[in-house]
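Going by the order they are written in, the chains are A, B, C and D; count residues from 1 in each one.
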Amino acid sequence: MELIRFADIIDNYKAFFFDSYGVLKNQNGAISGVIDVINALNVKQIPYKILTNDASRNREEQGSKFRDLGYTGIRDQDIITSGMMTTIFLKEQVKSGLIAYLGTSMAADYIHQAGHESIPIHDVHDDNEKDISALVFLDDEGYNWDFAINKCINLLRHVNIPVVVANPDRIYPTKGNEVRMAIGSIAYMVEKTVGKRFIYFGKPESQMFAHAFDEMKMIGIKSKTDVLMIGDTLETDIYGANRFGLQSMLVLSGNTSKSRYENRINSTGIIPDYVCAELNWNID
Amino acid sequence: MELIRFADIIDNYKAFFFDSYGVLKNQNGAISGVIDVINALNVKQIPYKILTNDASRNREEQGSKFRDLGYTGIRDQDIITSGMMTTIFLKEQVKSGLIAYLGTSMAADYIHQAGHESIPIHDVHDDNEKDISALVFLDDEGYNWDFAINKCINLLRHVNIPVVVANPDRIYPTKGNEVRMAIGSIAYMVEKTVGKRFIYFGKPESQMFAHAFDEMKMIGIKSKTDVLMIGDTLETDIYGANRFGLQSMLVLSGNTSKSRYENRINSTGIIPDYVCAELNWNID
Amino acid sequence: MELIRFADIIDNYKAFFFDSYGVLKNQNGAISGVIDVINALNVKQIPYKILTNDASRNREEQGSKFRDLGYTGIRDQDIITSGMMTTIFLKEQVKSGLIAYLGTSMAADYIHQAGHESIPIHDVHDDNEKDISALVFLDDEGYNWDFAINKCINLLRHVNIPVVVANPDRIYPTKGNEVRMAIGSIAYMVEKTVGKRFIYFGKPESQMFAHAFDEMKMIGIKSKTDVLMIGDTLETDIYGANRFGLQSMLVLSGNTSKSRYENRINSTGIIPDYVCAELNWNID
Amino acid sequence: MELIRFADIIDNYKAFFFDSYGVLKNQNGAISGVIDVINALNVKQIPYKILTNDASRNREEQGSKFRDLGYTGIRDQDIITSGMMTTIFLKEQVKSGLIAYLGTSMAADYIHQAGHESIPIHDVHDDNEKDISALVFLDDEGYNWDFAINKCINLLRHVNIPVVVANPDRIYPTKGNEVRMAIGSIAYMVEKTVGKRFIYFGKPESQMFAHAFDEMKMIGIKSKTDVLMIGDTLETDIYGANRFGLQSMLVLSGNTSKSRYENRINSTGIIPDYVCAELNWNID
């Protein structure tokens, strides 16, 4: 698959969806040149949304972080997080009661925004188990894994409640080419062990794409063919876009390297519409 | 979980989604009492959609079959099939070329409706492989399994094309309590063998729910909480509704029996909002 | 499947293999009546072996624990642990170097018995990674899960070494009807994440059966048909015996209850030769 | 991993196990130079066994085929097939009754050698289902897949019998770089659909290694460290040897190519003791 320049295809679309990590930023900060792209979209009043599987903090905090990195034009409302899908689910599908969660207290904000009370998994015990009305996997930090995982298994053997995974990612990069198990892996292990079916939000699932596209429709974007999804990960960004019905562009600034992308596209069968080495606004 | 009467909750919703097989009909024809329910909805002008994973024939033929069974008020446009999602995908995401398929020539209509040419898997050979731009698993009938499955594996080793599964079901009931492997099982076996990621349409995936809800929005239904999904299968109807964000009712007229539903809800962790023994309009 | 009395079939076999937990003992100590059975075998000089997936401590400590419970006739050499299979593997297949492990220092004895040096996963860091020649999952206790799991993932991305799982169990019972994730679950999560193939020892794998049968051959038992495997778990004891070629008896004193065994045998397709409510020596 | 010459390590071992396809022969006949290796072993009276997952015909027919290819020294008794493991299982673990099978009538010989009567899956119907005492997946040829697969599913819903898979391979090469789904894939699909646990024989399972090693012990080979397994496939030959406790050598004459072996060893984590470009007897 040949590499294209982003500038060559911009005019084919009326709106853009961006992945966050590996596309707009990485462990060193904003990815070079991409601030210009976002600024140009703002100037030209081309709408965009940032779709992220990061459910460790709410959209406002993530927006503020983007602006700190130099993305001064990104507004909180341009950001859609998989945690927000969790909030909607809890609001519409869970009537009342305490929501138990794995994550930091910051992540628990997604529960409070649904109008529910949260309880960290560490505070769940035999006496209050009957009050728990859902279990949410939000983040891999903020608790002792040993205790929390074993508590989840026993909780789900005692009560039958919906279980929501706010971030389906299996691993994520940390500093210096290292990785860490993401909350999706922990949830998956618990799911296999208890044999119950969990509900996953975040790419490649469709809900976040649907939510973002609904917001686009409200500002006049009518057809899915008007929107391009831009991401660095085949299994989440590109596969998710394909399933939902959006065209997609793989950008080689993160998870998928220039030396391996052709091999990866071939072996996974996940085929983007375009591949672009780096996001920038250069036309010459 | 206690059984409720459908009549008791009808007024909480402004629209209904029905599964087809096991809810509206079974191998003996229309399920007793349900024709009255559909008629009543028609009389009261309460909108509904039928969501089916049957991609073996187009919506018009399925509509005609419903009317033959006595559902005289069901219009073609009330039916959403997973095959239709395939048509939309092929139209928007596949530019040109021949679409290879597994299924009867009747099922291939979903390809033609996308404006593409179809070619049965039996007619794919070394000379025309390069012209194939997608592979679609539509139905378990209409071809020799041995030949077709092996052709699919080799085709996908030669060319990298999108693969779509129009019906994710694993088995389906035939006459006399027997079952048959559905096309979803065949596709899954091929997917595991070639190691590429296929795109599945149909419940419990979200696309069909999203499509049906979009049509509801066009006639004034604003919120997901206004719609109830009614189905007989936890893993597809109820789990799909939960993921998409709809409330749901399990009806015990098909796949899930009265003696086992509590055990099944507990062991799968898939929890409907209501359980109803049979769909009818009785109020007393 | 009808229940039989153990006494009725004893004479059909010349040797017996017993599972440990759920058959000989449970959380309350020795299971009532079974000490008599073991004593009777000792008196009649009928050989037996205890096959256990417990790799948390060596055979000598497990033997001593049995004698504490009242099984005075059980000798250390009658016990075969999955940890011992690990020792043999490390001895024969790993030439030199440090063996990293997850487990208590007690479990590390299985590494030392292979003539290797052990290093707890917590002490593995960038500087000594190159000296690690194998990674062993021994037990779920003795380390911080968060740190250890993430260290394993990164270690296996840096060096390509054999990985051994000394206990394939997914969960195990603790007090009061609670369960805990066993080391097999943790290993399996890491295996799926790194995409490498691990080597599992313990039932239902064959190595422990082969080892125990080899020891039986040395004392004159010639044919597999002379040995009966007795266990309380279909998926490990009975399935393992079936695969290895031994006849088997399910005993309903542990994992599989009297009310559910028929259903479990039917749904798993794992079929013991006999089912026995409880192990005892009564002949009347 | 550096390539070694077979001649350099021969003297470290007292016996050899060979895979068949990809090591001794391929679609063009005997692999160049390997006949000399086998002849040399015969001359030097170094014992060897051929371990093959081919259960489509009995050991005598496979022996005769080897001799036709020029391996004049290979005796029938040097060949161990996964079909033979099936025969042993049926003999020792299935008391009586008809054995239903998928495969050609030639493959059914493995059933007859167990002293049982065979019935092709096509002849199984409602009236004789109760007489079936086991189901055996032998080969991918000799029957209509559509009929046979659906018959298996329904048979296993009606009766609870042991199911044996005589060849766990997922695909196998045919002429001109094409592949075909092997019986292991078909069995696996049926297993997932019915939810029952099947028993698999053949590499990488241990039974065939154990059987071959037992025969070696009878002629004086005492330790596993005296035997080298030689194969072209990491997932079966090498992983199987590792699990069973044999040292192993990957030979690059078949499934694993010279350009990819390092990458494959790294990504699978399946590590042979040696890698050899081609089997021959050259010393200079």
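Note that in this section a residue touches a chain if its C-beta (ideal position, glycine included) is under 8 Å from a C-beta of that chain, and two chains touch if they have at least 3 such contacts.
Note that the structure is a prediction, hence the values are computed from the model and not measured.
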| item | value |
| --- | --- |
| Which listed pair, C-D, A-C or B-D, duplicates the contacts of A-B in over half of its pairs | C-D |
| Separation of mean Cα positions, subunit D and subunit B [Å, integer] | 41 |
| Distance from the mean Cα position of subunit D to that of subunit C, given in whole angstrom | 28 |
| For subunit B paired with subunit C, centre-to-centre distance based on mean C-alpha positions, whole Å | 45 |
| Sites on subunit D at which at least two other chains make contact | none |
| Touch-based graph of the chains, sorted into line, ring, star, complete or other | ring |
| Residue ranges of subunit B touching subunit A (in the complex, touch as defined) | 88-89, 92-93, 156, 160-163, 194-199, 205-207, 210, 224-225, 235, 239, 242-245, 247, 265-271 |
| Subunit A-touching residues of subunit C, taken from the complex the two chains share | 140, 144-146, 149-150, 153-154, 157, 170-171, 178-181, 185-186, 188-189, 192-193 |
